[in-house]
Amino acid sequence: MPPGSLALLAQGAAVSLLLAAVAIVGGTLLAVLLAALAFSRFAVVRAAYRVYVYVVRGTPLLVLALLVFYAMPALDLRTGPYIAGTLVLIVYTGALLAEVFRGGVLAIPRPQWESARSLGLPPVPLFRKIVAPLVTRYTLPPYVNVCVMTVKASSVLSIISVWELTLAAREIIERTFAVFTILGLAAAFYFVMCFGIDRLGRLFERHLALKGFAGERA
Amino acid sequence: MLTLRSRHVVTAAFVAILLAAGSPAGGQEKSRMDVVLDRGKLIVVTLTTVPPFAFNDDKGQLVGFDIDIARLVATALFKDPNKVEFVSVSAEGRWPAIESGRADMGVGGTTTYPDRAIRVAFTRPFIDSGISVLVSKKSGIKSVKDLDQDKYTIANLNNPQMADRAKRFFPKTKILTFDTPSAQFLAVKSGRANALQIDTPSAEYWAAQNKDEMEVLSGLLGASQNNGIFLKPGDFKWWLWLDTAVAEMRTGSWYPQYSEIYQKWFGKNPPPQKFYLQQ
Amino acid sequence: MNFGRWVAIYGPTYLTALGWTAVTAVGAACGALIWGCALLLIRLSAGRWGARGVDAYVQLFRNTPVLLPIYLIYFAFPMIGLPWPAVVCGGLALILQNGAYISEILRGSVNAIDRVQFDAARSIGLAPWSTFRKVVLPQVLVYSIPALGNQTVLLLKDTSLLSAISITELTMQAKLLTEQTGAAYEAFIVVALLYLLLVSGTEVLFRVTHRAVRWR
């Protein structure tokens, strides 16, 4: 194995993780906003949501990234690859999570809504004490799934020259030709990150169930 | 379920907004020169896999002739060669990085072409170059004529000039297009392609490093060429200063510093300052 | 540049690229389906170790990005004497990745088949392979059509990554045109619209198939 490559790959992995983390945080905030739009009273707003999700989910992430990266200069925005890439990941993750949240809300059984309403709670506490915990429980598995997808999606950003694990691996390979070794190591790093997130998610799920979160005893 | 009409109306509106935003805003801006001086740091966009112009050494540091020239520019501005930040991009990423203002100037084995000059402005050349063809010895290609056959594949970089040259000099050859020179090189090394076209110094560098497997075909594809610093067009103050700096490096007061860098990367002296001054 | 004029000039170029995208997508989708069924068969018939092997395979491909196998097969295989054409390399990577996901989808559907059917099949003397082919597979496939449609859309979008190994599909074509003309907006918006078209087409196809098959 070429010297120093392990360190470089580790750094790249850290960048990938960071990109994914920023995208997940930003995406979650965006998704909450979008999901609210999805249930708006106004048909136009709901339509706008549908279009947004349709466009973002129907276009490959690479095309979105290239579009933002190459076409942004026309909007006079100072986007280097990192900003463009992070922006695209947030938009992408936001769309996916919005659908997850929307599905979670729709999955709440009718009786729950009715009993909540019969309690006479105003909207904000209703959301905080009843809707949010239920939605969280329903959406945790797909949410973790999207987190894993985001980590994998960050590898696509290597094509718009965002330096992360895949690009780090590519650079080392193009310099040293140790293709099998380096790609194997890169795959191992991704595996550890993704599998780790998946396991953490499951642990958290079990923890929530044990705590009796949202009325469910183990 | 949305009706066919309303969903398409909203999508069309979305696309229309995107297109309308495509027209750039005009107006007077501060010259990039002032922005750089205020900032106290120079931001340079570069390819990072074109040795010896710009590449990562074994320790992962970005080094090269063009890198040192950029540092020389920083020294002229700030008396400190380390007041530079490099932005690494792929071949097509060079222009958006300049156009969006992310970088002040660019280097990296970038050749001056008239059609390219519509998008970015170039200073006078800071080094002469030309395009050579690097071939793998196994392929048995001995000349450009040999290359022009259906059974061979050449690795191009993603720019129109490479495509044009391919059409002009070896139209029958199959073409692969990559976004970085190192990907081109990996293609040849792994056997995906039999040849690649790239700036002569890069071709010679790679051939020297892989003496058993690769060699450079003699002769240039087309004419000798100019590699310059590129920047956003329309900014006369910044262009004039950069061009002056390059002029002084090649033919004036900064020739000694330029010579030192040239010696370091090419092992020989640069062309003389003035035709009547021989080294 | 005027959008309409752009489409008029470069329309044909896009169509060739569109053809490549469609061909690789269809080819990889079929291959992935077959591979997914094969993985399912292995899981069902090769005992505990078979199931564990398939699990490991699935976990590997679920937790690594598809760009890595694409690079590996394209750049590394020639070094060990397997210089397959780019389309084969890209297609193979997509098949390996999506086959894993498809086998999981099919596995979920297998659990929906009533156990009684297996006993019934054995009682009329059907060999395991015939049971799989005539009883399990048809039902599993029918149950899975919506999820398979979803996966096919994901595969279609992943064909854009084949631009990294110089296959001239839609995304690569957009990059080439951007470099040629500088008109990044027009180049990529047309490609985005074409992808939306393909995705919608695929979704419609699967919905129609699902409805048609359910009637039987």
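A, B and C are the chain letters, set down in written order, and residue numbers restart from 1 in every chain.
Keep this in mind: a contact is a pair of C-beta atoms (placed from the backbone, for glycine too) under 8 Å apart; a residue touches a chain by one contact, two chains touch by 3 or more.
The model shown is predicted, which means the values in this text are computed figures rather than measured ones.
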A student comparing B-C to A-C should find more C-beta pairs in contact for A-C
From the centre of chain C, which other chain's Cα mean sits the farthest off?
B
CA centroids of chain B and chain C: separation to the nearest Å works out as 37
Between the Cα centroids of chain A and chain C the separation in whole angstrom comes to 22
Contacts with two or more other chains, residues of chain B listed in rising order
22, 92, 96, 179, 186, 190
Got the chain C residues that touch at least 2 other chains?
75-76, 79, 164, 175, 178, 184-185, 189
Give me the residue numbers in chain A that touch at least two other chains, ranges are fine.
54-55, 70-71, 74, 159, 170, 173, 177, 179
So in the complex, the part of chain A that touches chain B is made up of which residues?
3-4, 8, 43-44, 47-48, 50-51, 54-55, 69-81, 159-161, 163, 170-171, 173-175, 177, 179
For chain C, which residues count as touching chain A in their complex?
59-60, 62-68, 71-72, 75-76, 79, 153, 157-161, 163-164, 170-171, 174-175, 178, 184-185, 188-189, 191-192, 195-196, 199-200
Show me the residue ranges of chain C that touch chain B in the complex, using the header's touch definition.
3, 74-76, 78-79, 83, 86, 164, 166, 168, 172, 175-176, 178-180, 182, 184-185, 189, 193
So in the complex, which bits of chain A are touching chain C?
54-55, 57-64, 66-67, 70-71, 74, 148, 152-153, 155-156, 158-159, 166, 169-170, 173, 177, 179-180, 183, 186-187, 190-191, 193-195, 198
Residue ranges of chain B touching chain A (in the complex, touch as defined)
2, 6-7, 10-11, 14, 21-25, 48-49, 56, 58-60, 87-90, 92-93, 96-97, 99-103, 179-180, 182-183, 185-186, 189-190
